[in-house]
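In what comes next, chain A is part of two complexes: it sits with chain B in the first one and with chain C in the second one.
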Partner chain A sequence: MTRFIAPLFLVVFALVPLGLKDPYLLNALIITGILTICAMSLNLLLGFTGQLSLGHVAFFGIGAYVSALTALGFDVSLPFGLRITHEGGSPLLGFVLAVGLTGLCGYLIGRLSFRVRGAYFVIVTISFAEVVRLVALNWVELTQGPLALTAIPNMVLPVPGLGDVALRSKMQNYYLVLAVAAVSYLIIARLVASRFGRAMRGLKENESLALSLGINATRTLTVAATISAAMAGAAGSLYAHYIRIIDPDVFLFSYTVTMVIMVVSGGKGTLAGPLVGGILFGLLPVALRPVMAPEAQWIVYGAILIAILFLMPRGIVPALESLALRRRPATETKSAAKPAEAGANP
Partner chain B sequence: MNHPAGTAILNVEHVGMRFGGLTAIADLHFDVHDGEIVSLIGPNGAGKTTAFNIMTGFLKPTQGRVLFRGQDLSQTRPNEIARLGLARTFQRTSVFADDTVRDNVLIGLHRHGDVALLDRLFPTPRGRRAEAAVRERADAILDLVGLAARADEKAGSLSYGEQRLVGFALALAVEPKMLLLDEPVSGMNASETQGFVRLIRKVRDEGVTILLVEHDMPMVMEVSDRIVCLNYGRLIAEGPPAAIRADPKVIEAYLGKSAAKLEHKEPVHA
Partner chain C sequence: MDQLLQHILNALVLGGTYALLGIGLTLIFGIMNVVNFTHGALYTFGGYAMYLAAVALGLNFFVALPVALVAGLLLGAFIEFTLLRPLRRSDIDTTMLVMIGAGIIMQSGTLWIFGGVAKAVPTPFPAQPLVIGPVSLSYVNLFVLAAAIALIAITYFTINGTRLGRAMRATFQDHDTAALMGVNVSLIYTATFAIGSALAAAAGALLGPVYVVTPQMGELAAVKAFAIVILGGLGSISGATIGGFILAFAEELGAGYISSGYRDAMGFLIIIAVLLVKPTGLFARAERIG
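== the complex of A and B ==
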């Protein structure tokens, strides 16, 4: 049942802008889409390998800064009289560099922290995010610090027949985010169904057993962290070129919390979970805003989160799955018949 | 391959293991030859499972070393040891409980069907062929251990004895040269045990050397070419089943000193 969620979402959200002209709602959908990509990338780690990255916003923020600085250009002096000057280039190159560099960060953090398991990775990722935030805040020459990087150009895509097209309208950015989200989803779906996905599942369920089967824990987890980080970096790049102004607040811990909420409420370790959780908690503030006072909004937000986790501890998508199983007694009896038979002749 | 006196495939050389002040293994020294079925026996706490953990890299011995096909395993990690062809099962039931039996074996076949990243991300013919080959292999293994009918059920929902078989199937999926089985028939009934004895003989006849730890003595006596007996972390006897059965030191270890000396002595309390 739930495997139809993603194609359904794709069709629905591809059609939405045709009927929706309200720029405020379109903006909310774009931001939600970007955060949903982050949630999908976090789910690759948290859901499929069981490793919690509490500094996931670092990859998002680095992606945003790398992409913005590539497009804007910079001029920084380094120790030993070195000086790096970059004229500014295409936002598309920025996107590619953002993906590459955040992937590299994910790889390095994985290499550092996956030799030991447990809380180590969590702590390394939290620290990494905080360090990066402080760098963004204090390396004023490069990042403008709290003054923010402004006038970041819109994403420019080469379109056959039209030449380079700058994505200025909300509609264009909406479809760009939708396309990147769809590609991210497909990459994760393919990975999870492959030999690599089976290695991740094995490690998550029973690490000793997985090791005894020849699965390399360090390498598998590091590859997962690399891909996950690169995806969050891609989301950061989209964000920078859409919002067109970024400051060190893109590294705020609360973004990571939002991603974790999206993954856990939707159902970690499921493909559709971060989509459902992402869209629900991305649009919830928008839905609450016209009907209640700002103070009450976050109380309701929290209450809904608690209610979901209380009623569906494994998340919305797994809850729907088991509901679908109960609704279809035909398949149920078929699979239930076998264990009964087994009990009869042990 | 079937020759009991073939070349040594595994050498355990004066291995010792201390956890702080506790000596789990004092000095363990024995060889296993190519194509043999050897049993490691001894009372609870004799250090059998510790020995397995050392041989498979989960523990580093505090003294001595283990050689597998001449290669020192001291600095080798568990996943690398599996790649060398030394696979193990675990004493406690160890399966991927949330996955189907077939998916369990597919995870176990990790060493096979590796394809390039592109074949993994796109449904290329090569990627599809590799996946089909791995699935075929998984079905062959399930047929061999007799779990084909259970392939689509969650491993965690199987009976205890069947879960032991899944664990065995997982170890087979590594396609090992040698298998270490930690209490493989515990939790199996008599007919399951008989089936399992036939199964490990079959696997041995295909060229896999087997070392097992087991408490089921009739099974051990039936299946073993040779038995190694441990007590208090020391090797106390080694030889063919008939000799071990008659060895006074072995009887003493299992039943106590008086039983080994004089079995006609009347007990103090009736």
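== the complex of A and C ==
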């Protein structure tokens, strides 16, 4: 049943702007889409390999800064008299570089931090994100520090017949985000269904057993971290060229917490989970905004996170799946046994 | 040279409160296997409890301090009883996420109640610093160092010299066997979390009057506590004590001689470096605490 969630969402969200003219809501949907891409990429690590990475916002922020700086240009002097000057280029090149460089960062961080597990891994990932934030804050020559990078150009896409088109309207950005989200989803879905996906889940279920079967733990986890980071970097690039101003606050821990809430509430380790959680928590601020202050909203998020962990520790999507299974007549239980097995990951 | 002496003195003062923060966190991790993400919020709570007791209730500074400490103790016991006790059988990731949720509620709640403006806590100490030769030290800092050392000593005594401490050490080694020997493990867990929380609150109550009290003060404090605990090895109390002083020295000297902008990065860099070189921490003793 839940495998229809993604195509259903794609169709619904492709049609939404046709009926929706409110720019505030469209903006909320774009931000929701960007955060949902982050949540999907985090799910690859948190859900499918079982590694709780709490530094995911670092890749989002690096992607945003790389893409913005590629488009804006920069001029920095390095130690030993080195000097790097970049004139500024196309936002599309920025997007490509953002994906590539965050993937590289993900690879390097993965190589280093997968030497440790559990609480140690969590703390290394948080520290990494905070170090990156402090660099963004203090390397004023490159990042403008707290003054923020401003006037970042909109994304420019080459369209056959029309030449280069700058995506200035919200509607254009909306469809760009939707397209990137759909591609990310497909990549993750293919990956999880592959031999590599089975290796990831094997490591999550029982690392020693997986190792004894010849699975290379560090390599598998590092590849997952690389892909996950590159996707978060893509989301960061979309964010930078849509919002057009970024400051070191893009590295705040609260973004990571938002992504984690999206994944955990939707259902970690399921394909549809981050979509459901992402849309739920992306749009919750819209629903709460008229009734309460931002501080109070965060109290509600914290309470929801705790409530979900207590009441539905596996998340909304697995809870729906088991509900659907229970409703089927007894004669069908044989065919239902397979999805139940697949969904039984604790 | 004089400048170096001053940095060393500052680091000693800072190290005392860092050690308090680290010991609270390492105790909870060692005995309960819970990574306490409310630690920073409890530190903030201590600062605001001190502010409320000293300013709103008008209590004497030296009375307000124990009041803040006991408030931290009670809040810790409450958190353990409501959130962690039902999750005793859950994995470490679940409790970590629940603690993150609780930390968000506490921090946003503080911001909501008190607003974002920093609050000052008055102290009875003279503003004029104590000048010894080339270095100077304010009286309030001297008091903070003395109070921190006293609290560390009390914690050591509680763990190594009392019945409660013996039960805590037994639970750390093997909670099933401890339970079989008649130790009330649930009670030990509550006591551990309460003591750890009280130490965090005490650190906040001590540093609140030195600086100012803000809803965000706990964020950096929490990360520093993590750095200290990793430096000393998760679960090691003497490791956390030494780790607290090492971090304080690294920050103070780093800010003085390298760049003040990266002062707060020292903690993170230490975490990353230690975990890459010696993941078990510099002073890890996995078999016992104390």
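Observations
The definition used in the following text is that the second predicted complex is superposed on the first by the 309 of 346 C-alpha atoms of A that agree within 3 Å, B and C clash if a C-alpha of one lies under 4 Å from a C-alpha of the other, contacts with A are read in each partner's own complex, and residues count from 1 in each chain.
We adopt the following convention: contacts are C-beta pairs under 8 Å (C-beta built on N, C-alpha and C of every residue); 3 or more make two chains touch, one makes a residue touch a chain.
Small disclaimer: the values here were computed from a predicted structure and weren't measured.
Once the two complexes are overlaid on the shared chain, A:199 sits against chain B while remaining clear of chain C. Between chain B and chain C, C contacts the larger number of chain A residues. When the two structures are aligned on the shared chain, A:302 is found in touch with chain C, with no touch to chain B. Looking at the shared chain after the overlay, A:319 reaches neither chain B nor chain C.
By the touch criterion defined above, A:212 reaches chain B but does not reach chain C. Using the contact criterion defined above for the overlaid structures, shared-chain residue A:187 touches chain B, although it does not reach chain C. The touching residues of chain C, counted against chain A in their complex, run 29, 35, 83, 86-87, 90, 92-94, 96-98, 100-105, 107-109, 111-112, 219, 223, 226-227, 230, 234, 259, 261-262, 264-265, 267-269, 271-272, 275-276, 279. Across the interface of their complex, chain C is touched by residues 50, 52, 112-113, 115-116, 118-120, 122-124, 126-128, 130-131, 134-135, 137-138, 253, 257, 260, 264, 293, 295-296, 298-299, 301-303, 305-306, 309-310, 313 of chain A. On the side of chain B, the complex with chain A involves touching residues 56, 58, 77-80, 82-83, 87-88, 90, 94-99, 103, 106-108, 110-111, 113-115, 120-122, 127, 131, 134, 149-150, 152-153, 157-159, 161-162, 170-171, 173-174, 189, 192. For chain A in complex with chain B, the residues that touch the partner chain are 187, 190-191, 194-196, 198-199, 201-202, 205-206, 208-217, 335, 338-339, 342, 346.
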